[in-house]
Amino acid sequence: MTPIRVGVVGATGSTGVELISLLLRHPAVELVALSSVNHVGKIFSELFPKFRGRVDLPLVETAEIKSSSLDLIFLAVPHGVGMSLVKEWASTNFKIIDLSADFRLLNAVDYKQWYKWEHSYSEGLKRAVYGLPELFRDQIAAAQLVANPGCQPTCALLALAPLLQNGWVELQSIIIDAKSGASGAGSRVRKATQFMNIYNNVSARSLKKHRHTVEIESYLSELAGESLTLQFTPHLLPIDRGILMTIYAKPSEQFESMELLELYQQYYKNKPFVEICQHPPMLRDVQHINNCHIYPTYDERTGNILIVAAIDNLLKGSAGQAVQNMNVMMGWEETLGLSDL
Amino acid sequence: MTPIRVGVVGATGSTGVELISLLLRHPAVELVALSSVNHVGKIFSELFPKFRGRVDLPLVETAEIKSSSLDLIFLAVPHGVGMSLVKEWASTNFKIIDLSADFRLLNAVDYKQWYKWEHSYSEGLKRAVYGLPELFRDQIAAAQLVANPGCQPTCALLALAPLLQNGWVELQSIIIDAKSGASGAGSRVRKATQFMNIYNNVSARSLKKHRHTVEIESYLSELAGESLTLQFTPHLLPIDRGILMTIYAKPSEQFESMELLELYQQYYKNKPFVEICQHPPMLRDVQHINNCHIYPTYDERTGNILIVAAIDNLLKGSAGQAVQNMNVMMGWEETLGLSDL
Amino acid sequence: MTPIRVGVVGATGSTGVELISLLLRHPAVELVALSSVNHVGKIFSELFPKFRGRVDLPLVETAEIKSSSLDLIFLAVPHGVGMSLVKEWASTNFKIIDLSADFRLLNAVDYKQWYKWEHSYSEGLKRAVYGLPELFRDQIAAAQLVANPGCQPTCALLALAPLLQNGWVELQSIIIDAKSGASGAGSRVRKATQFMNIYNNVSARSLKKHRHTVEIESYLSELAGESLTLQFTPHLLPIDRGILMTIYAKPSEQFESMELLELYQQYYKNKPFVEICQHPPMLRDVQHINNCHIYPTYDERTGNILIVAAIDNLLKGSAGQAVQNMNVMMGWEETLGLSDL
Amino acid sequence: MTPIRVGVVGATGSTGVELISLLLRHPAVELVALSSVNHVGKIFSELFPKFRGRVDLPLVETAEIKSSSLDLIFLAVPHGVGMSLVKEWASTNFKIIDLSADFRLLNAVDYKQWYKWEHSYSEGLKRAVYGLPELFRDQIAAAQLVANPGCQPTCALLALAPLLQNGWVELQSIIIDAKSGASGAGSRVRKATQFMNIYNNVSARSLKKHRHTVEIESYLSELAGESLTLQFTPHLLPIDRGILMTIYAKPSEQFESMELLELYQQYYKNKPFVEICQHPPMLRDVQHINNCHIYPTYDERTGNILIVAAIDNLLKGSAGQAVQNMNVMMGWEETLGLSDL
């Protein structure tokens, strides 16, 4: 197959770097153009010596990247930037996968409430398809603009979708306690992410008001066919990558652990990147691969459903899922370039 | 004041070492005898170079330690060992603070169910006082045998006592999600605690059946005056020390965050080692001190109570609390030797 | 090209797992058989959930692996085991790449002196080729038995070869100070490698007598055409993978940093896995890739040559180099399956 | 004894915090005033919750601190700031212990060459005494201004002093390879000290030109009675605190390891904070205490002297040594407030 021509906007952030590493080995992609705000003119591999001899492309201005006759552009940019680029490029032909938060929500009202920022391109919200291929494969296949999900929502939605879609839980009973590594905290230089403030430490982040809450609630409500609110508490751990979630919920009726397991196995039967486990996954099981591991169980003693789920936040939680979305949009095998990580 | 003569059984485990470090600086204690199973005959400071010139005592057989005319003995031993020593020494005069799990529970039935082991000295369970000074100060002051609480129960009970004692929560709604360091996993050499299996990893431990569950439930039920079950999920983190808990519960009636804060402040008014915080504590805030930091809050959006609490598992969670118990038992200031860590 | 049939003896050690991960994505290899001592009968991916759906082969007895009509076998075994297998299989047709230390040295006398163990198959030492492709490519191409180098020797030899082969240093002046991660310390369960003994700690290992010393000295002496001894001090760091070496030596004559750089660039001109850097490499630059980064410089103030070199001990330091050796032995492109890590 | 009144300038940096923690427990010190540049008006324990109920002092302007009728002031400030304060306060009566680098060197020429900055108070350089009590106790006892040594020089000087003072090494042969934690890299927020840039990484810092080099050379030259240059290479490790040095040197004459050990034991006979070890120290042995552990040995095979030495950079390497200097200046027991850490 002839490779498609691909560009990455925001090539030097942690998501951008991970994405480039994946695109480099993808058999159907030619990496043509990289842009950056702070490092225009430099060679990518000078900044990241690991890529010497492998990605020696220059970093160009974002405005310039459009001129490279690309088939597809990844936006690995902060929120706010995604919407302005998508708006600017509304009439272009290339496909866009936006890894910012800008097109993940269902409407501009939610966006403003949780991101404290007016959405400048609400038409885009309607055009955009939410890029979680396990749930929305057909829409993604037909999309020209895909909003790549947040890392925490990806894990939470995959872990809870079978229950919500089948009405097995009390809607208002869900509690998600997440533990994640420092790469999920962004690569902006600040005091909170200094080594001495994370090492040998653990902390709860944005208690009661983390922005990923609304994203999780929105799509779970869609699956349930009814609006729900839930408790979401992420914690920052002294590790580099990965998210492990322990999820608690009340069942809407009685059942056994085994039925739960079967529900999940059935639901994800033909999904190559979801593994239903017989034991709680550890973070190590999913680091550096694009898979989501899920262990659902029922505690007869307490009457709670427990789900332990894990992903690599930089792969299934961002760059890996972006490549998976590209595969679906291009009509390729969903696992192309992702199966032998 | 004339120092009392103190011995430590199990001096070379991680709890023993921490305890010795505290006793060394305690103004009313003379550290007289140390015992060990595996290192009899060696000098303590040869095994732990940090104590050179400071604790150069020889390690003796446990049987021998009794002959040192001690006033008080700390048992820093595995469960099973505590009960046999306490039984053997039932008619001696010295006070005993047992840091094993053997006398923490209320009865032998619970012990067998959760520890999978017949309790060999159930009379001792009646004699023993549960050593959580913030809740049981008077009984501890009069005790000859104190069962030092588990690390996770210490944090959970302090975090939940005000709610349970005042009937502010639905009894069956409590979920405790704990994150703790590797020193809490014991110092026995095994595969699961090898560096390569913990580093850059996170895992849930003993899902649905961790032994600390029954200890937490027992004393919360006592406080509530009614039996309850709860969900307790500890997680092992790649750090050395500390426990951070995020606790979720449904209120039994409506109230505001501020009322919650006042309840806690009132409840712990004269307790020198409990700090009620206005912001969620981080692990760093409590490492290397004997304090418990608690942040209670109410989420109006979801209707849940959230509590974030933290302790150092080796201090307030074991050795520090043992010294605090000694202070209470001896009629000394509760903070003696613990306030300037 | 038709894939060759490959087996791995010792599949469940850390080197074995890394090797399998590489073979999985190698375009010219069919992974046919895996053996193990402790896990015979289990499925590989049950032990290592990361490989679910990707390596679901059963683990067989080592004796059995031979019967799978293999073209090439990797021995990822402890020293002592390598020599007995190679001896037993002396008359077979398949190629062998031995990742144990057994065939790395030049003679049985050195082996006994440093490994404190009689070599049971000294004829094998003569047959074996030392598998450092940058230095011994032609011999490897013709070999039936390749001894894969130690991780520390790989880094040290690549860092020093240009100087020794060209006579630029005083032979007896070399000091190698190495810093490496815990995966290099082996996966045997023991006290020294427990999390609590490595985390937040650093220690010098085997001062004055580390076994890799003789391996480094042997091949540097060959390159120099004259016998030399050197100081080698490895240090164990609380990280998972990688070796960073800082090397000090006295020049045999005066020259400038730039000349040094040119010497190295020239020496490694067509070697795809060696990068000569203009700045000291960090460990991050080489983790998860098969490259060795080398920064040579001269300190005019002190008159010393300094070399900072880094590799990933599990890739260029073992499994990656083993695959590189396979590529050379099979007459394939040296970078096959290794260039897009 | 009546406590002296003490102030700390720069209370909120990592050195300041460590110092306050020590002063808090010092029996002869009343902590009276704390100053800060960025947090004036706030309560110290609000910024550092660990100090709640223990250090609830307000942070004042530095100019104001002088008015608190203090007996002694610690300057825990960046270089450049130390010299201007000392100059400004030249005619005051209180004693000053400056933890910045400003008065550590012997003359303004060296200062300018290595710190790239004109020294604004070179008279102060003459008044200041170098605060390494093991070497300069008498001068410190009489001093009004003490320059607290750098962390790396403290460890290097203690490790090498016996050899240099007795002429046992070739002067130009010394190589110091240091490994140290992130607290030594300062608490200024910058990219290089972000968690993601230090975690699971190791790097050489300031190769050939680290500022501590001149400080080490200056005092070793004094001890030797002859000028020397040496190679000093620090490395940044993913740990929080501690320095481990491996030092290499050529002996000036032949001797045995045992003689070396005796030389060191004799030299440090009455020095309570220096331990001469029979085995190489690990970092863990000295973290959280004020001791320096030194293991000197001779390698007969290579003819090199090897010294492994370790300190806690925040204690013996800065705050602990500052308190030790105060003890000497005040005529107190040298170990007061430092022996039971």
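For clarity, chains are labelled A, B, C and D in written order, and residue numbers in each chain start from 1.
Here, contacts are C-beta pairs under 8 Å (C-beta built on N, C-alpha and C of every residue); 3 or more make two chains touch, one makes a residue touch a chain.
Bear in mind the structure is a predicted one, so any value in this text is a computation, not a measurement.
The chain pair from A-B, B-D or B-C that repeats the C-D interface, sharing more than half of its contact pairs by residue number, is A-B. When every chain is reduced to the mean of its CA atoms, the largest separation from chain A belongs to D.
Chain centres here are Cα means. That of chain A falls 37 Å from that of chain C. The distance from the centre of chain A to the centre of chain D, with each centre set as the mean of the Cα atoms, comes to 47 Å.
Centre-to-centre spacing of chain A and chain B amounts to 40 Å, using the average Cα coordinate of each chain.
Residues of chain B found to touch two or more other chains are 197, 200, 238-240, 284, 287. Across the complex, chain C meets chain D through its residues 172, 175, 177, 179, 197, 200-204, 207-208, 229-231, 233, 235, 237-240, 242, 244, 246, 248, 280, 282-284, 287, 297, 299, 301-304, 306, 308.
Listed in rising order, the residues of chain A touching chain C in the complex are 24-25, 49-50, 52-54, 200, 272, 275, 277, 281, 284-286, 288-289, 291, 293, 339-340. By the touch rule above, chain C contacts chain B in their complex via residues 14, 182-183, 187, 189-191, 193-200, 238-240.
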